[in-house]
Structure formats: C-alpha cells, structure tokens
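Below you'll find the structure I mean.
Chain naming follows the written order as A, B, C and D, and within any one chain the residues start at number 1.
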C-alpha cells in the first residue's frame, strides 16, 4: 500500500482530469471549441495509476484521447485549456488543439491523433534513454483499437529484443470509436499478445487506481533495471461518446452497460471509498475535489481571455533550422 | 501415410525445384541473368509439402524467394525460366523477373519482392473465396524476417476474426538476409505469435515432407470447413547465400552449420530415404530425378532461344482499361 | 438528362456505393466503423459478408483489397480520413499499381480507395491532409476528386466499375453541398474527362476538387470587372485531361490553377508544367498557382482558414494577369 | 579547398556516417542487415549500442527514430532500397514532418532517412522507385539527392547535423562513381544550395541526382554543335534553390529539366512551374521535361534502360529548343 501522499496526489490528479473534461464538454456545448474532442472520463484511474508510477523526467506518449495524460503527468492546466480553445497561449501555440496536448516540460512527448502513432515515438524515446545511459523510462498509452495497427507489434518486438525501458499501456475501454473490441480482436485479452514476443503481459482492473499503480510500478522498476518492456492491459470504460457531442448512444453499446459502469465502476467513486477506508476524511477529499475544480475554472478563464493567434504566425515553427532562400528579383511583367 | 502417387509426385516436384535452382545458379555464373536471384535449395520439402496440400484452384502468394513456389504448385517450367532471362515468352512477359514468377494458371497470385507483401494478397484472396462462397483456400508463404512486418499481424488478426480460409506458412530458415532470426525475434518460435489472436500455431520440421504435408493438409481441411486460419512454422534452412552469388559465407552463420545441414538435413536425401523404406525402388527414384532435370534443361534451351522483348512493349500492360486522351495539336513552335 | 433528386455530396457518395453494391455482388466494402452505417440501413439489404467493419489495420486491409480484386471481387476500401492513407500506401503503390504490370497483364486489379480530405475542420495537421499529388506520381493508379454532388456519385460509381485501381479523394468540406443529381443507376462520370464549368475568353482557371466553388466565385467577381474567365473542373487528376486544359489556354492565353494541395510538386505544378511545355506558344502571361502554401495545417481556425485558396486569392491572382 | 582522397560515392556515404558517428555520440544508426557492415569495420570502433540492426519493421523503426530524435539523439534510418519507404511513410509524414509544428516548436526532430534508389539494376517494379516527389510535397521535410561522391559525403553529413528531418535519396547507379573528395571532417555541402556544374549562355539544363552525368554529356555534345548549355545540379530538392534556377534561365531563356522520377507531379514539374510563374518573361521557348515516363519499371534490362533520361534524350530536347 502506497503512502498517504501518493493517495491524495492521485486523487487530486484524477479530480483534475474529471473537472477538466467536464469543463471542456461545457465549452463545446457553448460553441467555444473547434474540432473534435475525446473525453477521458471513466478512465482516470488507469491514466493516473500509470503516470504516478513515473518520474517527472520519464516520457509518456498519448493518443487522440489525451487530455488526461499530460494532466496525470503533472502538466499546468492553463496552457492545456488555452490550446483547446486554439489560443496563442496554448501549450502548442494554438497549432495542436485537443488531439495534441503535448507538454514537453512534464515528459509528454507525443499526443498523436494517428491511432498507434504514439507507440513508436515512446519506444524511440526508450531507445534514446538506453543509448544515452540515462535511467529514464517511457510509457506509451494506447487503446484497444490501436493494438490492431501493425506498428504496435513491430515496436513490442523491437522493445523485447533490445530490452528497451518502455511500458506498453493499453487502456482497453472495449470500443474503438463505434466498433466493439470483441468484433476486431481474434482473442479478447490484449495482454496475451505479449507472449509471442517473450514480453510479460499483465491484465489489471483499470477502474482500480491501486491495481494500476502497482502493476505500472512493477513494470517501471523492471524497465529501469534494464530488463525490458512490459505490456499492461487496463480494462476500463469510457463514459462519454467517442467524440464529445456525437449522439449515437446505444447504437453500438447497450445503454444499460453505460449506466452500469457509471453507477458501479466510476473510478473516482471507487477510489474515494478506498481512501475513506484508509482513514482519509470526507472533508479532506471534498477539498481536494474543490481545489481541482477551482484550478480548472481558472484555466477556463485564462483560456477564454487569451488572445487569438496571429494568422501570420502560421508560417513559423515548421523548421528548427529554416533555410533562407536568396530572393530572386522577379522580372517585371 | 499418403498414397504412392502423392509420394512420387512430391519427389518429382522437389527434384524439379532443385534442378531449376541449380540451373539458375549456373546461368548466373554464365552471366545470363540480370538482377538478383534468391534460391530455394534446402527448402524444397517445406514448399512442396505445403503446395501438395492444396488444389490447383487454391491460391498461393510467395516472396522474393519464390522460384520454388509456382513449381511446387505445378507451373510449367519454360515460361518461368524464360522470365528469369527477361524474355518475351516469360510468364510475365519479361516484366517481372526472378522476384515475380507469378503464374495465375496454377493459382500463384503474387510473388512479392516487398517482404511481407504477399501476406495481405493471400488473405484478401481468402476473403474473396469466402465472399464468393467458393471453397477455395489461400496459402501465403513468408520467411522468418517477414513476421516482423506489422502487416503480418494485421492479417493474422483479420483472418481470425473473419474465419478466413487462409494458411500462414512461415519458412523459418533462421535468417533474414544476413540477420539471424534469434537477434530479431523477441522469442524464437514464430508459431507462438498465433496465440495472441486465438489462431492455432503449429511447428513442423521443414526438412520432412511428410510432416509438412500432414500439417498443411490439416490446416487446409480446417480452412475449407470454414473454421479459419492456421499459422504453420516450418523450421528449415537455405543452403545458398541470401542472393545467389553474394559471397559473404561464414560472416553471419557458421560454415559448420551450413555443412551440417547439407550433409544431414537435405530434404531431398531425407525424403528419398523415406521413399526407399516405403518400398520405392532406387531406379524409379533416379528416373524421377532424371526427368526433372531433363525438363529443366528443356526450359533453359527454350528460355535462351526465346526473343528479347521489344522495348516499345514496355508501355503496355499497365492498365486493364487504359484511358485514351484526345490528342492536342501542339501549336507550332 | 434524365430525372434528378436533390441530395448532398455525402448522400451522393452513399448512394453511389449502395447502387453499385446492389447491381454487382462482387462489390464489397472494407473500412473502419462502417458496420454502424450498415445497421442504419445505409447499404440497403446487402449481405453482411460484403460489409467488413475492419480493425484499425490500414496496411492490412488496403493490401487484402488487392488480393480480393485479383481474385474476382471489386473491393471498396474506405480509409475515412485522407491522413490515414500513408499507412496503406505500401500496398497501394507497391501492389495495386504494380501487380498488373509486373505479371505481364495476368491480373486486373479493380479496387477503389476512398479517402475524405478533412481539411478546414480544425482538426490539425494529422487529420487535414490532401495527399493526391503523391499518388499522381505513381503510374498504374487513377485518381479522381469530385467537386459536386453529381460527380461524387458519378465518379465513385465509375471508380467502382473501373478495372484498374482508382483513388477517390473526397472533399469533406463539400459534404453538405446540395444539388440535383441524376437518379438513374446508369449515371457515371467518365474518368479522365474534365468539365468546363463556365466559358470565358480572357483567362483559364483550372480547379481541383472543392476549389471549384472559389474558382466560380472569382469568375463571377471578375466578370463584373469585365474579365471573362473560363473555369475548368478537372474532376480526374490521373490521367489528366490535357486536351481540355491546353485547348482552353490556347483560347485565353492566361492560366491560373487553384489547388488545395501543398504547393511543391502538387497537382498545380503538373498542370503548369504541361502548359509550359505544350501550350507555351499560346501563353500571354505567367502561369499562377493558387495553392495551400508549404506549411502544415494548424489547429486554430483563425490560422487555418486563410491558408487555403479562396475566391479572393484567385481573383487577386487573375488581376495580376490582366 | 583542402586535401582530398579518391573514393567512390558508396565509400563517401559510409565515410560521412562514420565521421559523424565519431564526432557526435548522439548519432545512431538503425536499419536492416547493418550489423554485418559493423562487423566489417564500416563504423570504426563505435559502441555497438549505437548500431541497431533492426527487424524488418520499417514503420516501427522509422517512427522510433522520431521519438529518439525528440529526446536527444540524431538517428540515421537506413531504409536501404527506396521502394521500402512507403512502409515508413506514415511516421515520416505524420510525425517527423509535423511534430515540431503541432507542438508549437517544443521539439526539434533531427532525424536522417536514407534511401538508395536501385533503379536501372534489373530489379523490377518493386525495387526501382525514385519516390522523392511525394516527400517534396510534405512541408517540414528537407530532401537531398547527391549526384557526386563529394556531395554524397557533404550532403549526408549536412543531413545528420541538421536539426530537422532530412531525407537523403541516394542514387544506386552512382555507387561506383569515383572522385577526389575533401578529407576534412568539417566538409559539408550546404542544404538548399544548387551547384552550377557548367556555365553556358544558350540553355539551362537543371538536373536531379544522377541525371547530372547525362546533362553534362549532353552539354558536351551540344557544345560541339555550337550550343552553350549551363548545367545546374540541384543537390537539394526541398527547399529548392529557386534563385539559382531563375537566375540561370534569366540568362539563357531556355530550360530543360532532367529528372529520374516519373513524370506527373515529379521534381521536374515543380521546377517548370516555378519558372513558368516567376521566370516567364525571361523564357524564350517552352520548358521541356526529360523524365522517366509514367510507366512502371520492367525487369528486362532491354525494356528498362531506355526509359530513363540519358544524354541522347537531353541533347535531343535541347535541339528542339534552339
């Protein structure tokens, strides 16, 4: 059982994610957000359990559903929220948006909207740590849909042969967009795919922070010892639609299933119960929730008040080393 | 134990492959062949064992090392040899060469020089058979190197979920070009990768025709019954260098290993011993070998005497339905 | 022209697919998340085995479609967003485009690849690609890009019926565009033929995909200024209708190309090069390309929108030529 | 210029890599079958952990190189044959080219992708691609194509040192070409600068990669006929040295582009379009592209060889302009 401090920090981070996603949904309804947003609500224990097993200088790579990942890793909320509104003060200066909330300062190095795209990025960061003889590790988040991209296998295999310090962390929420995992997986446990590469595969209850944190901590320790990768499959559930605002409820997953998860398997409620049993006081936990919501609202105000980017700025940031072309004086015409 | 007829036919086909490859090597030394050739010598039992489990109207897809596959499936030798010499009478009219000895008439539908490239082709042919309610099956040959391409996994998984009539047949000869499989596989049995998809994985001695034929026949029967794919791993060995004429012997695999295989694990010698034990007469087997060599020499003569293609013909065969452009009369200039 | 119905670009695409599936049972469709539409009746009462809601395995199913096409089917692969085609580019380029040639004509490969270009929707750089130029550079592929609901129906149907691989680049920005579209199931738009959307004598504007709206808008503005612009909607990008382009330029002597793709080596470059070679003597003025500049697509709509060609930028280019 | 040594194009590439690996320990190399060369001493006494002989997993290691480049390394990815880059095109296009932009400049991506173009070697359509044009269309990538041993060394070294993703398209047909190459480890060829290989006044021949040999050969022939041709070796394909091209055409008024790529949307198209727009008034005659035609590459050398640009076809084009 982890320390008191880890408990409250974890609860704080989970609350920040929940409050952040709730605020984003509200902003979408208010018409403040362009593009598509994918909410992590329901998956907070998996996200925070994985992130808290890492050091600040460890790397994570995310997905299209990655508001929660940088928050879980400790990112400031204001630049994230400003990015979602496409503002100049956004963490990516308005260039990335919801699907690319990359925050290098906390080791969040690639929130990729290409399904599976973050997997080689994280595996490469692990290779980099190994070559640099650093003891950093990398953790890549991905969904049950992403494991059907060939690149997942390629990277799992390369991580295995080179004993790279990388954790493959699958948030199996049972669906890829509107397609149930059971219709696209030859066999239902993602973790079993690890055996083909001699990699340990672990299944955990993704709604249970303690279970995720333990499994992730073991995998991280193994990676840091130089013993190679682990594949962790956290069985979880997304409470919202694939995209916020997409109204196809019930067409591909039963309403009762959604209700059952919201009622009985909400990771925040479950973790609160655990914390109360461990002797945390209700008021203390309420205060943590309040503080999380306050920070999020501050971030919303910051984002709304931030200036729009200057369209001319669209032409910057492409190259680290732009090559200036000598100007040719166009013949008068 | 299979019938007498299967035995002698298998022995004939194995001999044709051996004689064909031997003739190609000779032609290369004589400077008659352009481009690169990859020999199947040493892998004949695996090839013929797989092919003889199939019907003529079943499909196979091959690799860069695919002189043997169409021969195993029953192709005429003359158009194959002419293709290797780039002649107009070649099976691909001189456009394909050694790496693309595709012969549609025997169900050979894609000898792909892109490693792993034949795998989706065969899986797609199996999908086609299923949609057309035909009882054809497809078998895809590939090497130990190809299983590290993501597309192998993608196709294995799709074959599993859709119960496609396809056999994934890995000729694991221990090396991908000059790279040992043990340095690039997280775990050494390719067949074990099948479990992650709920697909049966079978390991057979690829130097033993009977073992391969039995495993392939069972997989084919299963596929035809509509029960889905099987992954067969035939442990085999290539006697020649990766490319014929590449002289890097011993740099990446011990000379003793090569000698040991040539001495004790030659599939033709092993199968001959089996056949003798089963009561076939030496003279009869010699005659089969003779006939195979005679046919190959006939093919060589045919190929050498065939005309070169007309360079202008390079512009045909690109489209099934070429779109004629109205001619624009260029302004005089 | 026969009877028509008022439908959107998106409905026209669905209709084309449904009609061809009903007419020819060798037509199948593979793509991600498509079974949901099947449940909604979008495919009529087509046998479920012809509708493959696939795992997220673009390379795999793009290649499987080639194998299926070689063995009797006419698969439609729906990549959904065009930014995902790179994952399937190996089987498209190394197999679909080459198989017939490499085998000396032993096979035909009647496969259709659909990709919707989701630019201008604030989805940032990984969802906003317009990658048709790279496929125009590959011999053996046909490439179409419909700019109207009628052509969305007609070109997708022509693609499905064609015996060669055809890539259909759809313009997501046009999904809601509405038009009277021929009802008959026989209606196809021939591949390889451009359409002259407006006749003119002073200037030719060649437009790619959804740039047509802007080209026509610019032509309207220019007309008020006394400039008569001819507008050519390419419709097919490979093979290009060089006759239509060269004939128009021979008449007007001036050429602007409006192209959604990035500038370097885009479709506009090819058209310019064709005219600079075969129509040079008819040219009075420089050829101007109005394209998306060579910058990635930012998320912020404020930054994104000004990057694409529009009626204002096309008209401004035209004025520089008069 | 400092001391030189007589080495081949292939040796120059190996030397560039070895020098940069010795100078900067953040340089690593990933590719198939490379450990054999390591055993042969091709990398000197570089730590084995910096030489990754990879499984046949192009998409995976092309993407891993991006992650490694974002976190402190300078990876070189050796795709060996250029026909295999399609498998790695998703991480190159969707990640390497976009990461810096999408993250508002939080990362640099100093990765080098090497691809050897094995055309003209009787290896048929799946081993003969020259796919640089598709990458020229992707903002965020730099593309180089050395035509001499010196530039093979200088451009590969420049690519490795550059803080952005650079694709190096090497010409397999030049492997045995020999030349005096500067010895100093400081020698680099600047990215973005073309070289004028021969001065002339009547005609400009812009050449891509190994077409340089043929352009120079044609210029020689033309000189005997009294035609003075200027030959520009582009060296970098993205960004293009438009100044060098336009300045030369301003002088000669005539332009031929010799390009190994397929014709449609190739590098030659872009160069033609640039001149047709910004150099139009200096042009006396049509711009001619001498390219590989839009056909796949056949195996038979008898059919293959005539497809590529050569001195004869370039000289013939020049005569049509005089």
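The working rule: contacts are C-beta pairs under 8 Å (C-beta built on N, C-alpha and C of every residue); 3 or more make two chains touch, one makes a residue touch a chain.
For clarity, every value in this text was computed on a predicted model and none was experimentally measured.
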Any chain in contact with chain B as well as chain D = A, C
When A-C and A-D are ranked by contacting C-beta pairs, first place goes to A-D
Most remote chain, CA-based centroid, reference being chain D = A
Using mean C-alpha positions as chain centres, tell me how far chain C is from chain D in Å, no decimals.
-> 30
Averaged over CA atoms, how far is the centre of chain A from the centre of chain C? Could you give it in whole Å?
-> 35
Approximate Å spacing (C-alpha centroids) for the pair chain A, chain D = 39
Rounded Å distance, chain A centre to chain B centre (Cα mean) = 45
Spell out, as numbers or ranges, the residues of chain D touching 2 or more other chains.
-> 54-55, 57, 59-60, 83, 87, 90, 94, 101-102, 124-126, 139-140, 278, 280-281, 285-286, 293, 295-296, 298-299
What positions in chain B touch 2 or more of the other chains?
-> 92, 94-96, 100, 112, 114, 117, 148-151, 154, 157, 161, 183-185, 318, 333
Quick one: do these chains touch in a line, a ring, a star, all-to-all (complete), or other?
-> complete
Residues of chain D that touch chain C when the two form their complex | 59, 83, 86-87, 89-90, 93-94, 97-98, 101-102, 124-126, 129, 131, 133-134, 136-140, 238, 240, 261-262, 264-270, 272-273, 275-278, 280-281, 283, 285-289, 293-296, 298-299
Residues of chain A that touch chain B when the two form their complex | 148-154, 156-157, 160-161, 183-187, 192-199
Note: in the complex, chain B contacts chain D through residues 34-36, 83, 86-87, 92, 94-100, 112-117, 145-146, 148-150, 176-179, 183-185, 248, 251-252, 308-309, 311, 313-315, 318, 333
Tell me, which parts of chain C touch chain B in their complex?
-> 26, 28, 49-50, 52, 54-55, 57, 59-73, 75, 90-91, 94-95, 99-110, 139-140, 142, 162-164, 191-192, 239, 241-243, 246-247, 250, 278-282
For chain D, which residues count as touching chain B in their complex?
-> 32-33, 35-36, 39-40, 53-60, 83-84, 87, 121-127, 285-286, 293, 295-296, 298-304, 306-307
